[in-house]
Amino acid sequence: MDDASPPKWHLAHTTWFFETFVLGAFDASYRPYHERFEYLFNSYYNGVGRPYPRARRGALSRPTVAEIYDYRKHVDESMRALLNAHDETIQDRVALGLHHEQQHQELLVTDLKYNLGNNPLLPAYREDLAGTPGASAKRFPMSFVEHRGGLAEIGAVEGFCFDNEKPRHPVLLQPFELADRLVTNGEYLEFVFDGGYRNPDLWLSEGWSRISNAAGAAGSDDVNGQLPVEARLAPLYWYRDGDSWHEYRLSGASTLNLDAPVVHVSYYEADAFARWRDCRLPTEQEWEIAATGLPVTGNFMDADVLHPLPIQCSLQRGAQHGETPGRLAQLFGDVWEWTSSPYVAYPGFRTLDGTLGEYNGKFMSNQMVLRGGSCATPPGHVRPSYRNFFYPGDKWQFSGIRLARDL
Amino acid sequence: MDDASPPKWHLAHTTWFFETFVLGAFDASYRPYHERFEYLFNSYYNGVGRPYPRARRGALSRPTVAEIYDYRKHVDESMRALLNAHDETIQDRVALGLHHEQQHQELLVTDLKYNLGNNPLLPAYREDLAGTPGASAKRFPMSFVEHRGGLAEIGAVEGFCFDNEKPRHPVLLQPFELADRLVTNGEYLEFVFDGGYRNPDLWLSEGWSRISNAAGAAGSDDVNGQLPVEARLAPLYWYRDGDSWHEYRLSGASTLNLDAPVVHVSYYEADAFARWRDCRLPTEQEWEIAATGLPVTGNFMDADVLHPLPIQCSLQRGAQHGETPGRLAQLFGDVWEWTSSPYVAYPGFRTLDGTLGEYNGKFMSNQMVLRGGSCATPPGHVRPSYRNFFYPGDKWQFSGIRLARDL
Amino acid sequence: MDDASPPKWHLAHTTWFFETFVLGAFDASYRPYHERFEYLFNSYYNGVGRPYPRARRGALSRPTVAEIYDYRKHVDESMRALLNAHDETIQDRVALGLHHEQQHQELLVTDLKYNLGNNPLLPAYREDLAGTPGASAKRFPMSFVEHRGGLAEIGAVEGFCFDNEKPRHPVLLQPFELADRLVTNGEYLEFVFDGGYRNPDLWLSEGWSRISNAAGAAGSDDVNGQLPVEARLAPLYWYRDGDSWHEYRLSGASTLNLDAPVVHVSYYEADAFARWRDCRLPTEQEWEIAATGLPVTGNFMDADVLHPLPIQCSLQRGAQHGETPGRLAQLFGDVWEWTSSPYVAYPGFRTLDGTLGEYNGKFMSNQMVLRGGSCATPPGHVRPSYRNFFYPGDKWQFSGIRLARDL
Amino acid sequence: MDDASPPKWHLAHTTWFFETFVLGAFDASYRPYHERFEYLFNSYYNGVGRPYPRARRGALSRPTVAEIYDYRKHVDESMRALLNAHDETIQDRVALGLHHEQQHQELLVTDLKYNLGNNPLLPAYREDLAGTPGASAKRFPMSFVEHRGGLAEIGAVEGFCFDNEKPRHPVLLQPFELADRLVTNGEYLEFVFDGGYRNPDLWLSEGWSRISNAAGAAGSDDVNGQLPVEARLAPLYWYRDGDSWHEYRLSGASTLNLDAPVVHVSYYEADAFARWRDCRLPTEQEWEIAATGLPVTGNFMDADVLHPLPIQCSLQRGAQHGETPGRLAQLFGDVWEWTSSPYVAYPGFRTLDGTLGEYNGKFMSNQMVLRGGSCATPPGHVRPSYRNFFYPGDKWQFSGIRLARDL
């Protein structure tokens, strides 16, 4: 898949980000480590130059992983002097670079899962993850938490944030209610059994077109009982073996945990599921207002299991905490929650100056906002005002469903 | 282009709409005129059955035009008894069928223009249109009309409307101002001359990707000085001959009228132009609130010149009326105005019951709202609450630009 | 399908051929009828200029059929003076133009059949063809006619021929035998029933790849019991209705005539069928040597039924003549017979001078030779040395199968 | 490029070949090393099962290289007992496996060169190859060696051969002459300078279509002065820097050696070059008859530089030997020589029995024969009757040009 990059590319790209936007911007004596790395490791900044085609990143056998670590070490060392400079502009830029790197830490995990989960061997990322417990607690019944709507404010308040979270501004909401927990695998399986993928009334036109094509592709490629991942009329990484359902996780293939949150669904699937339940998805305004004031805690990427590897994720663990029905649970750190809001500018939105203005603003077409953060998100990276965005057909992120209803 | 259908298909499809959703629904004795017409002339109603592929409509040499007129005559006659029935449900359905037909009258004109405007002969649709005057009046300077923002209501009030215009609901707006007229060809040409198509800072990522590809395609297909339409880095139907610019109109090729409204631009172009002018596009809420209360008059498709042909359009005539600077002009009947609003459901939106629920709701992803109506729109078809929608890359509709700014 | 053009294009192109290569070459006073017709109606002569894209020919609503007849009339009249000139060079060129037009007469029929045969209405080309008898005579058992092989000569002898039939040259053949008649629909149906399309051992790799893809496409598009034509694992225009097989002919849909020659098969299908029968296809050398000396008579396009339409074909009539088993029958005028010979140059081959050198020579890659002529071929157009050529996947020509074996 | 596979895949596939066709066929007690390896490492044997898609081989991050070496070791050890069995059938099969592995040794080199040569860094395969001498000797003038033609025999005589080299059979040739050496880079550059890529008269239709598209693509992708490899109107791996021409070799980028044989040209390029020189390419019959009896020596992959890596190639070294003008030189071991012969069956051809019948026979459509062997071919692998075959557009093999003429 063109959207997924190999680990070493993420490693080089985040290094290049510091080299270009910190060293290149603030250290007049700095010389690029390699004249062609800008072409290879620029992701999408046209202001810097045309990037190497994304779809071919996987074919780059050079530089090697070792050479990229050398590059990284060189840039790290060059950064030291600047970090001690006590210059606020530089420190802000470094902070952006660190948050950028956190985003790529998550992408590295999702891309790696995509690569391994599409390998017919379904290899585990690490063997020692096999025992990682899933959500063992029985899921409590879904109930809905009411909100009166009315005038409120959304947008970043203080601390680090991306440009797309600003400016803070008033919004007007109709009364609504949100489900107190995420939709589970078990609930999604009911949708599958009820013919959810065969009923066009439930689907947006573009979603229906995709699953119609997938059904056709499945017909031709269903070999040895294993569907190609794209063609499954199910969440990504689900597959069926006779009457039982399985999913690929970073610990390898395992039986589908019916109580864990459903994950790796597209916006089209989330939207169709909600319609099947006579519900809808929340808007991003509703989500943010409901989440504001609640603690930003959850199943974030577990620092304990990171060592000695730079990054990993055991997922999907679901919420194993003693959460109380009737309060909003699983808002942060399990799955990114699809909202019904297209990703557009807030009133009065201004991009960052210069090339970094390309960071967020230029993607404001055809994508949908997701909120909350997933188990692959580094701890401390998200906040109630955080706006993630992906195309409505994307399934390789840890994306799930929370239901909403009009009151 | 897959989106454009031949005239006879529109004629048959609008007939099929009445046959299926009026005769088929309310006349128990009615038998379909031809058992395969449902397959051929169903546009996109999956509830009825899988439609004939849109991209192949142009290849249907049968039924002939004469056979389709026979079909139409048959359905018209079958409708007479029902029309006299004084049944409100039936009358509402007939009204929907008539508004549906008006939409296809406009599509017929835009599709026909696409076909002729891509023919290397650039043939006029009708020779007697050659003398149709363009906008001869000198364009007055653009000024902006202020709005205070605040709480207001949008959505359909009374009379016929589509489901997507409801329910009427409150919105909260920041202060803003709208340009008092449309952007002209002359103003857009300045954008071209200023390198607008070569500056990635002005473009959404997907727009930039399209024009980059178009530039490449132009390199390979630029034959005899005539670019393929898709590859022009300009509005659709513009072409350059040495130093002078021309455009294809239904009256044939003619010199570009610098004072007429620019038309046949994509959302990406409209958005880039606005950014180049340090402006933005209006939201659909802003547009509707500004337009509410103003007379719905303009350069609609001229009924006088329709006879004896069923449909035609002389366009693009621009606003030749004695409009006064400082008031909002050209809101209706010149061009559809791109808004910055993705096409999504209003709070509390409900689709029509049954298969007709597919009419509007299922297209609520990846499209943008346009407001106002064009010179190809039949008179009486639009209103301030009317929401048209197309993909951001679409250029073959009569789509243009009105600028907005934060106050 | 990109390869098929609308009737009016064939009409204009053959006219353009005379205008360009006769009038343009030999009448210094002649001026082109329309400056853009060269672009529109040039098929593939790069020496003349880049042609209008083949795939878009069907979208040209202008010039109209009437305008093309005017063009044709103008060129016909301009030709008169030249035709009386008694100049051998001119007469040779005119002869080439006439043979070229005969080729397009056949293509017009095959393209028209493709258009109508892919229309879900399966309309007859002409209603009065309905009664045209198929091959009613019971097919005699297939036997093989032996040839000793050895040294022989092939290539054009005298009279008009294309450049690719020359020079006449010696060939050396191993002993072989040819089937005394064509393979029938009934025999091909046995291959289908025996799982011919499911056994990779029978297929060339590229043929297998095509039918594997077709099988997948069928899964997704098989709606209302009607397969898309491309996806049928059967000859083009065959379709199944429950247990009975039908085929589309120019007279409309009809029950498959089991005794008629199988037609509209690809080279891959012909080759797989032959392998299934422990046979092979003949080489073009074998075919020509076997056919030399036999009368060039057969089911050619019937002049009697042409009037008043310019062209038609009742097909597939098969050989209804009192042919004798044990002699080679159906060599000419039923179907083009796939040979196992790739289309390459004869030893010492020279193309025509100038732009007309593009007529045949530049297609000498990736195509296969067919011999004999079909029921859509105008009478008098073929001869034993005639080399037709199409891509191995092409099915829309009247192409069939004659078996061969080593002795 | 879909045709190129990563080194570890070649390593696993050749191991799988022995596992399947030797151990699986002759050792009843053998159990497959891994149940999914058959799916992953089967190349194209449909008789074994549907293979993993070729285009995705590069995405397989598991099994790792180390795991594949374990697999290889296991199979090697399992082979030992069988190798001592003195069973002729087994020994023949092992011989086939070894020749198969030699073919993949060459493909490994060509695929590796393709990967590195498309990397913007143009990395050397091994730094110590940098000093490898190119052809330093001045090229002698090209002259032609005459052959009288007449009756002769071609095909394998004795020793190991593939099925497609049999049966030996008589052929009849017209008098011809062959160039006494290969076409050089310098000569090919003259073709480029003379507008060879801009003159449609020189090209087969499909070749012209390819280079027209390449020219267009170049327009859009020519970034930083570096054309994408596919778009170069030149041999693969050539690129221009201002006025000087360079080529990528396994030792890195270097100035084009004008006296070395031109390599990495397609059949279309070879054919166009020959036409430009008023020559043609030899048929495979002409080539084999001319080569028969000459010593099979040349610049084969140099065993001395293999150590300690399993495989490498310094190329393109050209013929540095003291070859004498007027005798045929460079027949073996420099480049594969495109012939004008499509790859088809010899008269009386029989495939191997069973699944191994897919080895060669099913590719007998749309490919062209190449003769001689290249500098990447393992020594001892080729012979005068050896028939290599690739698609006419393929350029990533070490393919070059020898001219021929009619006498």
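Just so it is clear, A, B, C and D label the chains in written order, and each chain counts residues from 1 on its own.
Just so it is clear, a contact is a pair of C-beta atoms (placed from the backbone, for glycine too) under 8 Å apart; a residue touches a chain by one contact, two chains touch by 3 or more.
Worth saying up front: this structure is predicted, and the values here are computed from it rather than measured.
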item: Longest centre-to-centre distance from chain A, chain (CA-based); value: C
item: Pair sharing more residue contacts (C-beta pairs) when B-C is set against A-B; value: A-B
item: Between chain B and chain A, distance of the C-alpha-averaged centres to the nearest whole Å; value: 36
item: Inter-centroid spacing, chain C versus chain B (mean Cα positions, whole Å); value: 45
item: Contacts with two or more other chains, residues of chain D listed in rising order; value: none
item: Complex contacts: residues of chain A adjacent to chain B; value: 44, 46-47, 151, 169-172, 174, 200-201, 203-208, 267-268, 340-342, 344-345, 347-348, 357-358, 362-366, 392, 406
item: Chain A-touching residues of chain D, taken from the complex the two chains share; value: 36, 39-40, 49-50, 52, 56, 58-63, 115-116, 118-121, 123, 223-224
